[in-house]
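The following pair of complexes shares a single chain, chain A, combined with chain B in the former and chain C in the latter.
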Partner chain A sequence: MKDINKDNNLPTKSNSLPTKPCPLTPTNSKTIEVIEKIEGEAVVEYSFDGDRVDDVKIKFFQSRHIEKILIGKSVNDALVINPRVCGICNHAHLIATVRAIEDCYDSIEVPKNAKILREITLSLELLQNHFKWFYLTIEPLLGFDVQILKATKPSQLISKMIAMLAGQYPHNSYAIPGGVVGALTPLEIVGFKSSLNSLIKIFQESLIDVDLQNFVSCDRIDVMLSKSGDMPRAMQTILDKGYTELGKSNDKFIVFGEGLFKSGKSIKTRVATNIDTKYVESFDIKQSEAKLATYKGKFYEVGPLSRAMLLKTPLIKEAHRKFQDSLFSRILARVCEVPRLLLYTQELIEQIYLNRPFYIEPKILTNGEGVGVVEAARGSLIHKVSVRDGKIEDYQITTPTQWNLSFNTKENPTPVQKALIRSKKSDPLELIFKAFDVCSVCTVK
Partner chain B sequence: MANILWLSAITCNGNSHSFLNLPSLEEFLGRHNFLYHTILPSTFSLRDIFELKVYESIDILVLEGTLDSDLKKFDINFEDILVEYAKRAKYILTVGTCATFGGIFMQKHSNRYGFLYKNYTAHNRFLSFKEKSVSVSGCPILPEILAGVIDMLSSNLPLSLDEYNRPKSFYGWMVHNGCTRNEYFEYKIDNHNFGELEGCMFYEHGCQATYTRGSCNKILWNEVNSKTRVGEPCHGCTEPDFPKDNLWQTTKHMGIPAKLPLGVPKRAYLSLAGVAKAFKIERFYKNILEEGDS
Partner chain C sequence: MDRRDALMKMFSAKGVKVNTNRGEAYYSKLKETMQKRLNELRNAPAASKVDINKVLEAEGLTRRDFMKWASAACAAMMLPASFTPLMAEAAELMNRVPVIWIELQDCAGNSEAILRSDAPTIDELILETISLEFNETLMAAAGHQAEEHLDEAMKTFAGKYLCVVEGSIPLHMDGQYGTIGAKGETFEEHLLRVAGSSAAVVAVGTCATFGGVPAAAPNPTGAVGVQDIVKGKPIINIPACPANPANITGTILHFVLTGQVPELDHLNRPKFAFGYRIHDNCERRAHFDAGEFVEAWGDEGAENNWCLYKMGCKGPMTFNNCSVVRYNSGTNWPIGAGHGCIGCSEPQFWDKYAQERPMADTHFKAPTGGVEKTVDEFGLGLLTVAGIGIGIHAAISAAAGKKEEV
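Showing the complex of A and B:
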């Protein structure tokens, strides 16, 4: 092997430049933006009508065909394959998978300990996502220097907490039909609680210095802004820059998962709770490797803002009253899930009883159809499986990004299209786009 | 200090995220520089990368994800870009089982492969780069392994590699080494049930740790745990044929696991098992935390 410290091996300009004109070069009425450092990458094509965005197309490239890879495999192999849909929300895919498989049974008993553990590890994954997104994606777009360690310190601690209960993070498969693979000892419980306290402290010292319980009932934007921390600083910056009119979308929200959240849909603030995944459809998009998702043929936004609209979270209700479904409300809603999830995790860990079962062996599954729904960091994630003779006959995954960030016609726009159309060329288009948070790796076929 | 360029082919980004869990990330970022990383701030943009505008020397090219002869990003053939940077890089690390052997995303696709291997078979597409390549397999990789390899290469420490180009410092052990359930394996206690602290998953539940190379139970995941310690079988994710089929069940012939610990002949295994099973050691049939036990 060569010595790394010798010869610089610099290329010359002439032999490394592409000879063809680069396909990323913009034309007069169109610009093509590479969106990177999301989960994967995408290309956004803007067409302009004078100074304003006239239409938007979002294209993803890599296709993995994980649904095709699953066909013919033993049903429980999906527990190992599916977390590999996504490096950042792998655990949501595991929990959706185990729920879809359990739903195939006419009846199956899952012990409460296992249900609680799954809810804890899933909530931790949401927290991990929220920290990474706020510090690595949003802050730099507001003009702040990127604070890498403020993202990675909490996300490392959270990963460690998941590992205490589930073996490792990312990519464990500790949830299996009938419960979880192992059991806990008092050692994991005390270690977990101590880490949770450290995480709460990190939240207070970095994002916002508040008492968790008080903060979740706070309904005043000015009170939130008066606190110290990177969250009020970011929200104040959005106000100061006059971004509160930006990113307004269709004002239609949908939530399929439960747990900490409530399922239902909300058109502006009008809530209906009788929804059913059987009305969810997904369609291929020409020119892109992604799909788009609809409910009864209509587009809805999924994710933290939708969850807050359904829960009627006081602070987000107030933000929506003042600034509707703008990027202000969208970003605030996501960060405000952090204290709720921390409190929820605190409550849940108290409900583990070490002397009760973590797993009850189910009978062998031969045939069935099932649906598994979870609220992942970016919104509702739906897995549908059909099983025949113990093998996977069909598998369908509908991801949050398919709801929020696919594209359709400008007359009937998807949430992100609507949020961008009519924006000015000079507006922070990337911020509007990334306020939804894209997961490209999840979304591609 | 090394200049690192991280390129992604067809991937879930799992290795990128696992790398962020490196406990000494702060020190690592102080020592090394990312010309490009999929998540962290980097010297160059993705557009720069695809327009081949990187003029700095490249010490380490990291490749994550399965390759596909037809893969295009921004209408540019991915492999053309890969070859350009591979020529210039001093070392190439294939990070993750996808980039190394093809992995999950290769399944059911004939035109997909890892950088040097397609499953167990070496292919010639990038053979000229083999001399300067190192395989860092795993789904995902342990962050300590990736950082360790980068640090070893930049300190000119010798890397002894196995037959799949994996550094023996990390892949010379079996995942089985260090598993807290080892005693149940040693004494052939084959009544493992899920949902318990006790038992070994080798006999019934498909654990591949005795024939999978890796440091999962030596370095540990997230500094604290591992799949097998928690009771999940090892799925063999560092190996060329990951993922095999039927991952939660041990395939057996005449009651004997079809795959035995690496290098152990069937006769040796059966003799040992016979002796071990002859002793019914009470302790192994009790729950570790059972009340009223001494």
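Showing the complex of A and C:
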């Protein structure tokens, strides 16, 4: 691990004299704000230059060192331990682990049924997170009353749907190298489809009242705003409050996962698809337990907006044309993943054939190196494992929050730093920050 | 005394046996205590404004549904059916007992399972009516505001609130692996402060009870459970990863009913939930007894839901009620999906049991033979394995005889 701060050797603002002294307001005054909503705890420190944000530091103060715990254990133990990295996106960790282990084989056959089931349960976890984030985090920050039931109802239903296929939620271990442990019955498929229909109804009744198929091809923001539902209401509020200039970041996006999404990177709107996880590096940050992640030494944003930029989904393309990578585009992109994921799940469940295998036994793994990538709710999650004599020799987890919410120098800022620096004291800083959605549990793995 | 007798003795020892019938005199005295406690609570001011009857109404549940739940809750807590009205009353008075929920070195999985992700059965609805005075995951307030709120709640309800703890406590490097709030309080200090003025401490999930995954070898952060830190307070352990909401509701209800902690085993686990092994009530038990096992993933046995013992299921040595209560409001549980039990409610499951490592590969002696042996012999072979732990249970419980009294 390199220390990027040391490499750049740049003085931090707090150690140097204020560059533009302002006689009226105290400069360089540091306000410390603790953000601990959602899970775990992160401290966000703002340094102000006059009434503008001069620099931002995001610090995490706890760690469990699960990567160290994995070393020396049997490779399959990772399937039990890794979901426990995070109770919020535990399933993404399970799927990333199983993919990393499977990648260690020269050749391994995973039956289509198992691949589909994994995609379904993974998509459901994304949906669950999106609902909770929108209703519990974003809406209150826009000044609406918290509608707890609108968050818990869908997330409870989704947990049940994952439990139907995988046993329980959170923390199941139903995916194993070579497939999944059990087979489904026709009854379970019928029950699942019925729950999926209820979920689609909940989406239409709460977030936005549209036909799913039509909506995913919608490319006009005014059409979206004209519908009824909490999503158009929230987006209209952002427009009315004039927040569309806020939260603009580096405009550099990266996506590693596949499935419903496309991997690649997008700078402004220029897309390149030939990326490789071998260029991903992570660095220690001074004063924080978290690490920051880079691709070829550069910072990129991961998450729903990145995925939409790579897929060039019509509505987000339009939002980006009008408002660039502001918080408007970021929030819209995340909520607009919901109908896509619902349709995707609907398509996938039809492709399960009960008379075909759910598991094909692979040979015993002794040595190898593998990478497992999934698109978790907040962005790309990368697991890297190396196995020697059936034991884990090294394990590295790179989480979405490491890409979006780590901090570096203000001259070479990370996505969230860039989004916040130069914002006014009176701007909704918390909203700008949380539009990225912190998942500190994963980050302090 | 041969081994069989020794085992029988061990299993009928006072500390291990779950006594489901304690006689009329015991129950009438218990009823009196509960009635007195409930009357006191009824006269106390409500800590939260949420009324269970209104919540049930909003969810479209009738009084009849509620009473059905109350009778089921009695059964789950091993009380006779005549306690049903008291149980219903206790549920209505849940909002009189303030709860402060703190998260330490955790993954928020228990908060997820209990407070946001599970389906709204009556259990969970009742849990929603408890007066949750402080919970970092659910609270809208953050930072200094949250800390002030915590201090205020602790002062207002001093000596009365239940302190629910999620997550382990890292002790290495003077606790610097986990600090909380703007003041940089370590998790240990935080826990001691909040637990200090509580009525009782409920450790929820395997991290808070036994250290959990953070304590897995080599335990880089020196993680320990609540019972290793908090002394001189009643501690109730509700392990499992994540802990089952039904067991938490049961424990809190018991506290509402009696003002005391439920009967605990030597690991401080409520006996009503942890008195049996997964294996005792497993839906696949008949296949175990018939010698029908899954021998490889994807085989005939896996397709027909046979016993997962040979695939490394730890049900026979894991004390929990998953096989009865299941997860996500009874939707399913790991064995239902075809994955063996990983023993997540047992101490050190992360090192001892972990993945589908069959028993033969662990340092436990696996029962020999199998299909050709009789059920009795097979069962006995198994019990010697579980017996290692159970023997210790018996010894410690006898020493800590006080815990046996309700």
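Note that in this section the second predicted complex is superposed on the first by the 416 of 445 C-alpha atoms of A that agree within 3 Å, B and C clash if a C-alpha of one lies under 4 Å from a C-alpha of the other, contacts with A are read in each partner's own complex, and residues count from 1 in each chain.
As a working rule, a contact is a pair of C-beta atoms (placed from the backbone, for glycine too) under 8 Å apart; a residue touches a chain by one contact, two chains touch by 3 or more.
This is a predicted model, so every value here is computed, not measured.
After superposition onto chain A, the modelled positions of chain B and chain C overlap sterically. When the shared chain is aligned, chain B and chain C each come close enough to touch A:Ser159.
Contact with neither chain B nor chain C is seen for A:Val271 once the two complexes are overlaid on the shared chain. In the superposed model, A:Leu343 lies in contact with neither chain B nor chain C. Once chain A of one complex is fitted onto chain A of the other, the partner contacts of A:Leu212 are absent, as it touches neither chain B nor chain C.
Residues 34, 36-37, 39-41, 43, 61-66, 68-69, 73-74, 76-77, 79-81, 84-88, 90, 132, 140, 146, 151-152, 155-156, 159-160, 162-174, 176, 178-183, 357-361, 441 of chain A contact both chain B in one complex and chain C in the other.
Contact residues on chain A toward chain C in their complex (touch as defined above): 32-41, 43, 61-66, 68-69, 72-74, 76-77, 79-81, 84-88, 90, 128, 132, 140, 146, 151-153, 155-157, 159-160, 162-174, 176, 178-183, 289, 357-361, 441. Contact residues on chain A toward chain B in their complex (touch as defined above): 1-5, 8-11, 13, 16-18, 22-24, 34, 36-37, 39-41, 43, 61-66, 68-69, 73-74, 76-77, 79-81, 84-88, 90, 111, 114, 132, 136, 140, 146, 148-149, 151-152, 155-156, 159-160, 162-174, 176, 178-183, 185, 191, 354, 357-361, 441. If you check the complex, the residues on chain B that touch chain A are 2, 8-18, 20-21, 23, 25-26, 29, 38-41, 45-47, 50-52, 55-59, 65, 71-76, 84, 88, 90-91, 104-105, 107-109, 131-132, 139-140, 153-154, 156, 159, 193-197, 216, 221-232, 235, 237, 243, 245-249, 289. For chain C in complex with chain A, the touching residues are 103, 105-113, 116-120, 136-137, 139-140, 142-144, 146, 170, 177-182, 184, 187, 212-214, 216-221, 223, 241-242, 296-298, 302-303, 305, 327-329, 331-339, 342, 344, 350, 354-357.
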